[in-house]
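What follows is a short report on a single structure.
Per-chain residue numbering starts at 1, and chain names A, B, C and D are given in the order in which the chains are listed.
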Amino acid sequence: MMLNMVQALNQALEQEMERDPRVVVLGEDVGVDGGVFRVTEGLYGKFGGERVIDTPLAESGIIGAAIGMTALGLRPVAEIQFMGFIYPAFNQILSHAARLRNRTRGRFPAPLTIRAPYGAGLKALEHHSESTEALFCQIPGLTVVVPSSPAEAKGLLLAAIRADDPVLFLEPSRLYRAEKEDVPEILTELPLRKARIIRDGHDLTVVAWGAMIPAALKAAESAAGSGVSAEILDLRTLSPFDEEAVLASVGRTGRALIVHEAPRQCGLGAELAAVIAEKSLLKLEAPILRVSGPDITIPLPKAENLYYVGAERIARGIRRLMEF
Amino acid sequence: MMLNMVQALNQALEQEMERDPRVVVLGEDVGVDGGVFRVTEGLYGKFGGERVIDTPLAESGIIGAAIGMTALGLRPVAEIQFMGFIYPAFNQILSHAARLRNRTRGRFPAPLTIRAPYGAGLKALEHHSESTEALFCQIPGLTVVVPSSPAEAKGLLLAAIRADDPVLFLEPSRLYRAEKEDVPEILTELPLRKARIIRDGHDLTVVAWGAMIPAALKAAESAAGSGVSAEILDLRTLSPFDEEAVLASVGRTGRALIVHEAPRQCGLGAELAAVIAEKSLLKLEAPILRVSGPDITIPLPKAENLYYVGAERIARGIRRLMEF
Amino acid sequence: MVLTRTADQKALKLQRQGRLGTYAPSQGHEACQVGAAFGLRAEDWIFPYFRDLGLYLTIGFPLASYFHYWMGNEAGLISPPGLNLYPLSITVAAQIPQATGAGMAANYLKKSLAVLATCGDGATSEGDFHEGLNFAGVFRTPNVFVCYDNQWAISTPRSRQTASATIAQKALAYGIPGIQVDGNDVLAVLAAVGEGLERARKRKGPSFVEAMTYRMGHHTTSDDATRYRDEAEVKTWESRDPLTRFRVYLKGKGVWDEAFERVVTEKASADVEAAVAEAEAKPAGAPEEIFAWTFKELPPRLAGQLAELKEFLREAGR
Amino acid sequence: MVLTRTADQKALKLQRQGRLGTYAPSQGHEACQVGAAFGLRAEDWIFPYFRDLGLYLTIGFPLASYFHYWMGNEAGLISPPGLNLYPLSITVAAQIPQATGAGMAANYLKKSLAVLATCGDGATSEGDFHEGLNFAGVFRTPNVFVCYDNQWAISTPRSRQTASATIAQKALAYGIPGIQVDGNDVLAVLAAVGEGLERARKRKGPSFVEAMTYRMGHHTTSDDATRYRDEAEVKTWESRDPLTRFRVYLKGKGVWDEAFERVVTEKASADVEAAVAEAEAKPAGAPEEIFAWTFKELPPRLAGQLAELKEFLREAGR
């Protein structure tokens, strides 16, 4: 069935709730309203208010409550309305959810999923365009996942909910309704921790995720016009990430371009570059480049385009890398 | 006068409060008790409870209040008792303190200083040995400073308080009473954003900060016995960091070893490696190596030594880099 | 209040025309916003939230700037010199401990002034609300906290926001006097907040006002309130329109007539149109503008990124 | 309570001897810890904080594990099978919303059980306390929240922690019944908490108990309480020792005599010594142990770091 990402996520939630009575959904406006982006639409009507829970406006309370639910064997899926509003819950995520397995030597893992839309491109209010995934990639015990298409979104969300570790599942809001894709009605989960090559190439490797994937594909097509063959690796799981796939691709192509819309400094691109620089230095034919947002707060809509990373900037990065 | 780091910090606070009536101190137990590490000892008696403020137990409240104080022209120095307890204040730091200058186009900057002890080595309770400085280095607008000796601590704290931007000032608790140093009674501030070479060398560059500096010096001495000449760069300001100094030193030596006690993934070492890999690739004679804590939560005291980065591990990193 | 209503409706119209971004409408809140602001003095401080148009206008904040912000430019948050207005908080309740801190500063500086903070009922569930009010109680700060209890936080009704019988009674948890007033009665709000401001200026400590009102519109222009609330409820509150009520009151006092209404309405329309024109004439952000305010001085790495951006724009022919 | 006192004093002695790490002593809290725990049933859940020795012992948590944790090994946090005890929270108040979530889960699962959470008076200032209690009120969870109001949060006296007249009245802000009891009277605590547990099991909603007590010792072994509090105050509370009071009560009931005391004391000492021996015999963490529990399956990158560590240890001859 042709679905956009919102519909695919909705289907994943509905099917998984039907399959597994341990799955509950909670968050601000996820119930009666169906979520501000409608990802949870229809669930309240189908599963009721004790299972699709409209909470008060309190992010730390939401994540803390989700943690407590795992104690009794539930698998909560908590929604944080926008990534820019997740920080009040930072302590519950970092000091608790991510550490419980380790603190209790496996007695009380915390298999919860935190969903949040993230990223720029919607010309939204302050705090509504955040892309701070790297902050969460330094948290031991936390799995961070970002889908790049409707089918990916469904399969990875199923995997996130079924994972026995806490997962931060970041949804690129720019892709919510961008395109439809054929999403199998019956779909098992896609593997976590595995990157996928979505375009083969031999001149350079573009490592990206989320909304940067369609942009990178576009840039690669335009580069192909100039005879440049770009391989594109969709990282999918940002932490723990698939180092082997990254090194294998860069080893083949000899050039690495890392793309993210987050600020450059201490973005996940830094870690990827560092790993390549440590383990594949002799295979490199050019410096490792990053195309990213600058190290500033993302501007309000009037100047958002000056910040935002799209196909043009990626294409420019490809050119610069090939010209080296 | 020979002072340890606690005494040097205490002297900086006292002198700056005498000099500038806008400086106030707030936090848990900073007043009557003089701080759990005694950094604020004596200030309550000297300046009174409206200026050296014992707050209720609420980290977001502390930072939020400090921000509000800057509105009326004060320069608050807020203490978070341990870095592991700073996360509830993450939203106030990231979304507010660091952004106010930008949000108001300079009308309301937030010149506050947040002090927090950090790092391992004290064999402390859970959450008392955190080293998550990199989480704060991706926040645009926030300056992150770490001193590595008593005199540095005094000079950099003075600079942090006088800075017109918000500063996170992280104090390596392991160095609080480790050594005394001659600290000038009259000392103006040391420059922010400037690294310093604390040991000249020509075979490789060790970039480090905080408690890793004495360890790196020890490792460099032992390497010198094997004829290896290690240059040591104390980064001091972690964000925005002194890229020029890093590239200049690595350009001279051709080898880079980055040392931090934080987990490796997405640590600041990743950004340093990425910058070197982007801008100085052709000058490198060996891969960029990182010596760091592993990507796990720091263990409780019985196994803390398995995590902790000290001179031995740094020496091993130097050997591996030179053997390449 | 008429100006507020007029400007608010204009903002909605501009949003539909694509001339203004996502917008949080104020309809229904005119009395509590204006009433909260009316008793303020020049030396007082204000920590507002994101639905506070009437407050902004009452204290003399330029409407053009207000539009400019919601059109998508940070420069619209700049308070004119002499206006002690902190930028509105979008992250819910973060302004509460900040306002308390301003009150602590006033105490330390021995200033006789009041610090006003506003929030919605949803904000009362956030940790920051609690921490800020608790500090205010402990430090006896010169704060007045006003909660516009408008019954809905997006789709969450007041009854599911908290099981507390009133919001006002939450103040008792902090040793702060709390009062509930009719938020659609501008004079009631003014009286209650005014009393709090006086207490504050006399350094008698903080106070809390719950102003009962109703969010007549959607949460923002991205929201569709018909999905989750009853039209009948909206109708009930329509009949309590704060403007109508004040009009009736003024008429009873003999100071309102249709000519007066016409003058006020026309003045409001003209002011709003002028403000829109002024806001739309302001330049969009340039590369330098978005880089300039991260730090006091541009660090070399940021300067490099700015140069990179400008080079990209040049190459792209923009 | 005797066992708690004996184990607590032993922990302090071990800490001074360097055999146990920084420790948060429980002296003075025996009645509220034991009283809070005594009415629990096997199906109930517990979310404790870091000063809860008496609670742990009352519900049958192995003392050897408790020592093991405070000696510096995570394995000491493992609850035995069948014991619904979540790991204690060191970060203040984080356990409160977690306990509420457990209550929400119980509601969803239609289980008749109670969820107990404990905290100190300092915790009541944290945002998480507020958010967790507010959720409990809204969702009518089967929670009992017990605050050991021990007058001091490190150096902050109760009077500077909040301007609220009582901690118990804070519950009213969440539509939750709150009660203040004498926390040094084990039967009073048991009665109040027991009533709450019954309410919870009958799905009548949450309740809150403030148990007035006193932290007789330092905050932890790293603290020096003589720097900030009056010896006279400590003396006053010494005379209210919960053990003495219960002894007097039992004597009055004719169920206490010196022979009984001797038996109890000797049993406690023997149990404590056995627990210490058991805890000290446990192995220190191995490299595999500190890596094994970050994720369910060790990711390749972590496996690489583990190999790196083992190589380092081998090279270093350890």
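Everything that follows uses one rule, which is that a residue touches a chain if its C-beta (ideal position, glycine included) is under 8 Å from a C-beta of that chain, and two chains touch if they have at least 3 such contacts.
The structure displayed is predicted, hence computed values, not measured ones.
Colleague: Let me check something: if the centre of a chain is the mean of its CA atoms, which chain is farthest from subunit B?
Modeller: Farthest chain from subunit B, going by C-alpha centroids: C.
Colleague: Cα centroid separation between subunit A and subunit D, in whole Å?
Modeller: That gives a centre separation of 38 Å.
Colleague: Subunit B to subunit D: how many Å between their CA centres?
Modeller: Measuring from centre to centre gives 34 Å for this pair.
Colleague: Give me the residues of subunit D that touch two or more other chains.
Modeller: 74, 91, 125-128, 130-131, 134, 138, 160-162, 294, 301-302
Colleague: If I count partner chains per residue in subunit B, which residues reach a count of at least 2?
Modeller: In subunit B, residues 55-56, 58, 60-61, 84, 87-88, 91, 95, 102-103, 126-127, 140-141, 240, 265, 295-297 touch at least two other chains, as defined above.
Colleague: Taking chains as nodes and touches as edges, what kind of graph is this: line, ring, star, complete or other?
Modeller: Shape = complete; every chain linked to every other.
Colleague: Could you list, by residue number, the parts of subunit B that touch subunit C in their complex?
Modeller: Residues of subunit B touching subunit C: 24, 26, 50-51, 53, 55-56, 58, 60-61, 63-69, 71-74, 76, 88, 91-92, 95-96, 100-109, 140-141, 143, 163-165, 193, 240-241, 243-244.
Colleague: Name, in rising order, each residue of subunit B that touches subunit D in their complex.
Modeller: Residues in contact with subunit D: 28-29, 31-34, 36, 54-58, 60-61, 84-85, 87-88, 123-128, 264-265, 294-297, 299-304, 306-307, 312-313, 316.
Colleague: Mind listing the subunit C positions that touch subunit A in their complex?
Modeller: Residue positions touching the partner: 21-22, 69, 71-74, 90-92, 122-123, 125-128, 153-156, 160-162, 220, 222-223, 227-228, 284-287, 289-291, 294, 301-302, 305-306, 308-309, 312-313, 315-316.
Colleague: Which subunit B residues qualify as touching subunit A in the complex?
Modeller: Residues 60, 84, 87-88, 90-91, 94-95, 98-99, 102-103, 126-127, 132, 134-135, 137-138, 140-141, 239-240, 262-263, 265-271, 273-274, 276-279, 281, 284, 286-290, 295-297.
Colleague: Across the complex, what residues on subunit C touch subunit D?
Modeller: Residues 125-131, 134, 137-138, 140, 160-165, 169-170, 172-176 of subunit C touch subunit D in their complex.
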